[in-house]
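As written, the chains take the letters A, B, C, D, E and F, and residue 1 is the first residue of each chain.
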Amino acid sequence: MRILIANANTTEAITAACVAAARRAAAPGSDIIGATPAFGCTVISTRAENAIAAHALLATLAEHAGRVDAVVLAVSHDTALEAARQLMPCPVVGMTEAACLTACMLGGSFGVLTLGDARPYTELVARHGLAARCAEVRGVAATPQQAMAEPERVAAMVAEAVAEMAARCDAVVLAGAALAGMDRALQPAAPVPLLDGIGCAVKMAETLVALALPKPSVGSFAAPAGRTSQGLSPALAALLAGH
Amino acid sequence: MRILIANANTTEAITAACVAAARRAAAPGSDIIGATPAFGCTVISTRAENAIAAHALLATLAEHAGRVDAVVLAVSHDTALEAARQLMPCPVVGMTEAACLTACMLGGSFGVLTLGDARPYTELVARHGLAARCAEVRGVAATPQQAMAEPERVAAMVAEAVAEMAARCDAVVLAGAALAGMDRALQPAAPVPLLDGIGCAVKMAETLVALALPKPSVGSFAAPAGRTSQGLSPALAALLAGH
Amino acid sequence: MRILIANANTTEAITAACVAAARRAAAPGSDIIGATPAFGCTVISTRAENAIAAHALLATLAEHAGRVDAVVLAVSHDTALEAARQLMPCPVVGMTEAACLTACMLGGSFGVLTLGDARPYTELVARHGLAARCAEVRGVAATPQQAMAEPERVAAMVAEAVAEMAARCDAVVLAGAALAGMDRALQPAAPVPLLDGIGCAVKMAETLVALALPKPSVGSFAAPAGRTSQGLSPALAALLAGH
Amino acid sequence: MRILIANANTTEAITAACVAAARRAAAPGSDIIGATPAFGCTVISTRAENAIAAHALLATLAEHAGRVDAVVLAVSHDTALEAARQLMPCPVVGMTEAACLTACMLGGSFGVLTLGDARPYTELVARHGLAARCAEVRGVAATPQQAMAEPERVAAMVAEAVAEMAARCDAVVLAGAALAGMDRALQPAAPVPLLDGIGCAVKMAETLVALALPKPSVGSFAAPAGRTSQGLSPALAALLAGH
Amino acid sequence: MRILIANANTTEAITAACVAAARRAAAPGSDIIGATPAFGCTVISTRAENAIAAHALLATLAEHAGRVDAVVLAVSHDTALEAARQLMPCPVVGMTEAACLTACMLGGSFGVLTLGDARPYTELVARHGLAARCAEVRGVAATPQQAMAEPERVAAMVAEAVAEMAARCDAVVLAGAALAGMDRALQPAAPVPLLDGIGCAVKMAETLVALALPKPSVGSFAAPAGRTSQGLSPALAALLAGH
Amino acid sequence: MRILIANANTTEAITAACVAAARRAAAPGSDIIGATPAFGCTVISTRAENAIAAHALLATLAEHAGRVDAVVLAVSHDTALEAARQLMPCPVVGMTEAACLTACMLGGSFGVLTLGDARPYTELVARHGLAARCAEVRGVAATPQQAMAEPERVAAMVAEAVAEMAARCDAVVLAGAALAGMDRALQPAAPVPLLDGIGCAVKMAETLVALALPKPSVGSFAAPAGRTSQGLSPALAALLAGH
């Protein structure tokens, strides 16, 4: 089984880190490959960058259509998730979506924790229709830059936030590249399970491949066909045309 | 990995059918075992029977605590799911919950289809906090008895309902023992993916085992300890006591 | 009119206290009788205990079916309320439900106050479909044991919480056995009405008996009939069978 | 106990009919008195008429403040209910609110049935925060005039609507003066309980009087004081002033 | 274009202030006229006063029906807004509604800020169906009297509240007469846009006049006709009668 | 005042039609200019096309940043609306959003009517937080191609749908390019107001320009600064960089 880990920004190092995390989670026999967009933003941190990344991501995916068994979107905003599901002939999983759905299966309410502005994740949880299960979305007052410069101090801030959230949340999703992998360090002392998007998404991708469900033939997730375009990459234009 | 398929009614044949379905879905290396309650109702079809089944199910699970890696509740009402998660030291997955969460990962809205009264499933979807993703819960006007006596006629009714639901639903969950396995027969002609609870639940159980998340140490899903009782089975009483 | 006060745990002293509270609230002519389950947990404080208590409660009610005019569930989790309504030939009222509905009739928003973990009551209010009317569910940081050992200190904590909640809540429901009857002591100094579950439930039971509404003959609250079971008490099995 | 049945339109015959219905429901010892506004609309059937009726109703209530133990608003729109609760020193119950809350205690979902435009009742259920419990609001295509001219034909239409609603609703509230009392004729053949607003409201008023809850001393339901006005009735102006 | 600024209390000075604010916002060619009710409360600050004001406002509007092109309700509770829309032959805009809808067009979430009890505005936002866009409703702990006596101190409190709300709100609506016009003083230092009801409402009224949309001929916003009444002002009675 | 009408597909004829509609609605002094993306899809009708159009639209807007006073997104999906608001230094209005908010000011509930699949508009209304005001989203069973080939037949289908929707909706928003301008032909016979997105959006854009509200300096709608990118148009890259 080939699983594509598709980054949505142009930073190769982030792709590599996500691929490594995916390989740790993958079952034997799951082949993990990474992809980085050819255009877009170095890091996605605003609404405009995220909107641009949607196109970049779809163009990236189109290069792999038919050559992978599943896609994991390696961007915590689950950028272009619905569009990618329509476009691609294989399952597509968002990393934050996967972590939230996994949290649902642990029971009760979950929380989402990120660095900086928490608002986009509140909107994301609502877009996924999971607001009823989410007890809190919290942003720790630290930047990704600070997390790199002072990792222990920021990790302590995150651990403290998790401990407070545990009063309301039965599990906590760690969202955003800056928190990637931090679940391993913090889990031993955390009162509730910590969920990492890439790991959850890889397992969910494997699940969907195993279930072998067909694509719908009707509705807004049916494969595109006969759509004409200009100025798009050949692979993307071909997928829209249904070729 | 040992996965317990726990029936909630006292009919051994249903346990056997669920175990068979689970084995079809299980990964190599997943060992499927079944369990049937020692008391309760022959078939669960009303609120009172479901309430009684919760106790029967917990008593059944208690016999296997510590001896299985995960539990799948083989009852479409996801009976006692939250209580089982608190009680057991391993992951517990509900079959309808698992199918609904899988449907979420296909994108858009899902529907739930059952025979007879659809109301309990509307309540179940709401209890799982997934009402925002569920476009329709529909009951086909046929009894389980009719489904056994005239399987082709009822299958045709179900297929017709699926086709109508596809105008609103991007996937359809088949709920209730009478529809178990019908996805295989109807999927080829269905316009949207059909989801079978046991299959989805087994994959989700495997996922949770692989993720190896700890139980919370606080809150309402933390393991019970020091609880005293009378008249319960020794295994159940011991789990409540934290022994 | 005979009203059954049905405890859901096995502690006779709690049954007796609830019966006494019910008698204070009952109209002249309302005859209050109590019942305690023959099996289950000494005190219900976790999800698993509550699930077990549902069976115990139904078995207890079955002993009185046809011999009482109404039932009050004397357990603040409103355990098995819907199942009991289906099973019994008479009205069944939950004590927290009754207090919440009474609060609705006072206007505006209500709050729910308990000792310890507030989460189960948040879920209970949502299960009753009353979340839109509930402005706050708060748990005072004290255990029932502390409430017994240091009643004045805990009463002061409760009074302070009520005073704070009054900024958002036009009435406060006191939930949980440890707060039973505390409304009488705290009401004089409280800025908003305090609602005690047993008192409200007894009046609501009297109201439902007076209205003499029939049971539905269709749907999931219609009386069970023809249901087969094994290992249940004779009275419960007979009710399920429709005898 | 004196209970005021306060009409909100100027038609004395409707007041009289409501008083009669209230007397049928009242407990021995409950003294029912009626009141009709001195100004306003003959019948309330539009938004503007209802807004005007709020003032008329408050002016009517003010004449009885301190001289009754409870108020029932005998208008199916629950006109000025929140304002009346703030203004009056005694409990105030709305007839549709009371029927909806009673329906909640029967379990499951309720429906609301009226003649003509159902929209106002959809808004009313939402205003009461009970939308989560209400499965359907339906308007039978008949006018109050037709209900008077051809009572049997309209009763048959209502009975048919009830039978259809029973597929989704475990109880049906009959709303609007034209359906008042129709529950008695239709209940025997109806598959679910039918709820009449006046009867439910009288019992709820008796319940609130028996519970003897205080008015809040803070918030938007505290009694008005020191409010100045011009052109209002002396009694209403005095209540606002806190005299 | 003639726009009526309709006050709902009897204080002429407030009418004059609102008219002045409206003139500052009005386009060239928009003629602003004011109106003050002949009866009612000096200032509306409780539920009962607001209910009375609805009648007073409709009576005031009726005097201008057919002689103005649009109405702005100059009362932050949007008193009688729906009734006024039904009654009047021209567009009617509520000042808080207009500010909230304008805030929606700035993107993200808005907040509402007032002096004193915030609860009525929480209810108002819900009545307008905008709760999903409103992140916070906050009451600054100051009275209108204090705002008049110590304007700088209260302005500083408001500015501080705005700064805190900006963590959740992308715009803040200032609600209540005591904050009218304060947007001009506080905007330069505020981190998010501040919205004043009168200004927004005048622009929205101009927009609706320009769009020249017809009144519905069916439903609960169609013009009244044939309604009979007693004790109402001649103009109001005539509008209800459809003359 | 210069208002940019920004198309999101690459069809110049649609841009021209939207510009013409905008000019009909614009106030004297409002200068309407149009823009068409340099890349993207000929017509946007699927999720993937819409995601690609977001980038194309932002690139188009970036060419005009600082040179227009407001932007109207001339695409009924309100594509990239939130991102455009963050990116641009002037107000940005979505055409369907504007029509829905205008409908809110008419009172009661609105409906949305389109050709073909209605699902995307249900999601759009929810994304705008207006689901509580929207009574129905309906897709007429006709394609844009049929609307061009048989305009009278499709217009009759739309008129019939509007008439039916009027039982629940107090106004109807016509959504999608194929229905653009149809409000003028159908309004005379329609029972409720019909709302055209371009007209409403132009008036709302004029309103926002007149109110002269500042951009937020904090949060997710603050202007981007210091963002690095590759492969984007110079104008778009410069805006993201904050130049």
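By definition in this document, a residue touches a chain if its C-beta (ideal position, glycine included) is under 8 Å from a C-beta of that chain, and two chains touch if they have at least 3 such contacts.
Everything numeric here is computed off the predicted structure, so don't read it as measured data.
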Equivalent interface to B-C, taken from D-E, E-F or A-B so that over half of the residue contact pairs match: D-E
Longest centre-to-centre distance from chain C, chain (CA-based): F
Whole-Å separation of chain centres (CA-atom averages), chain A against chain D: 52
Whole-Å separation of chain centres (CA-atom averages), chain B against chain D: 44
Inter-centroid spacing, chain D versus chain C (mean Cα positions, whole Å): 27
Sites on chain B at which at least two other chains make contact: 82, 85-86, 108, 119, 219-221
Chain E contact footprint on chain D (complex, rising order): 10, 38-43, 45-52, 54-56, 58, 80, 82-87, 117, 119-120, 127, 219-221, 224, 227-232, 236, 239-240
Residue numbers on chain E that touch chain F, as the complex places them: 25, 27, 81-82, 85-86, 91, 93, 97-98, 101-102, 104-108, 128-133, 166-167, 170-171, 187, 191-193, 195, 199-200, 203-204, 206-208, 210-211, 213-221
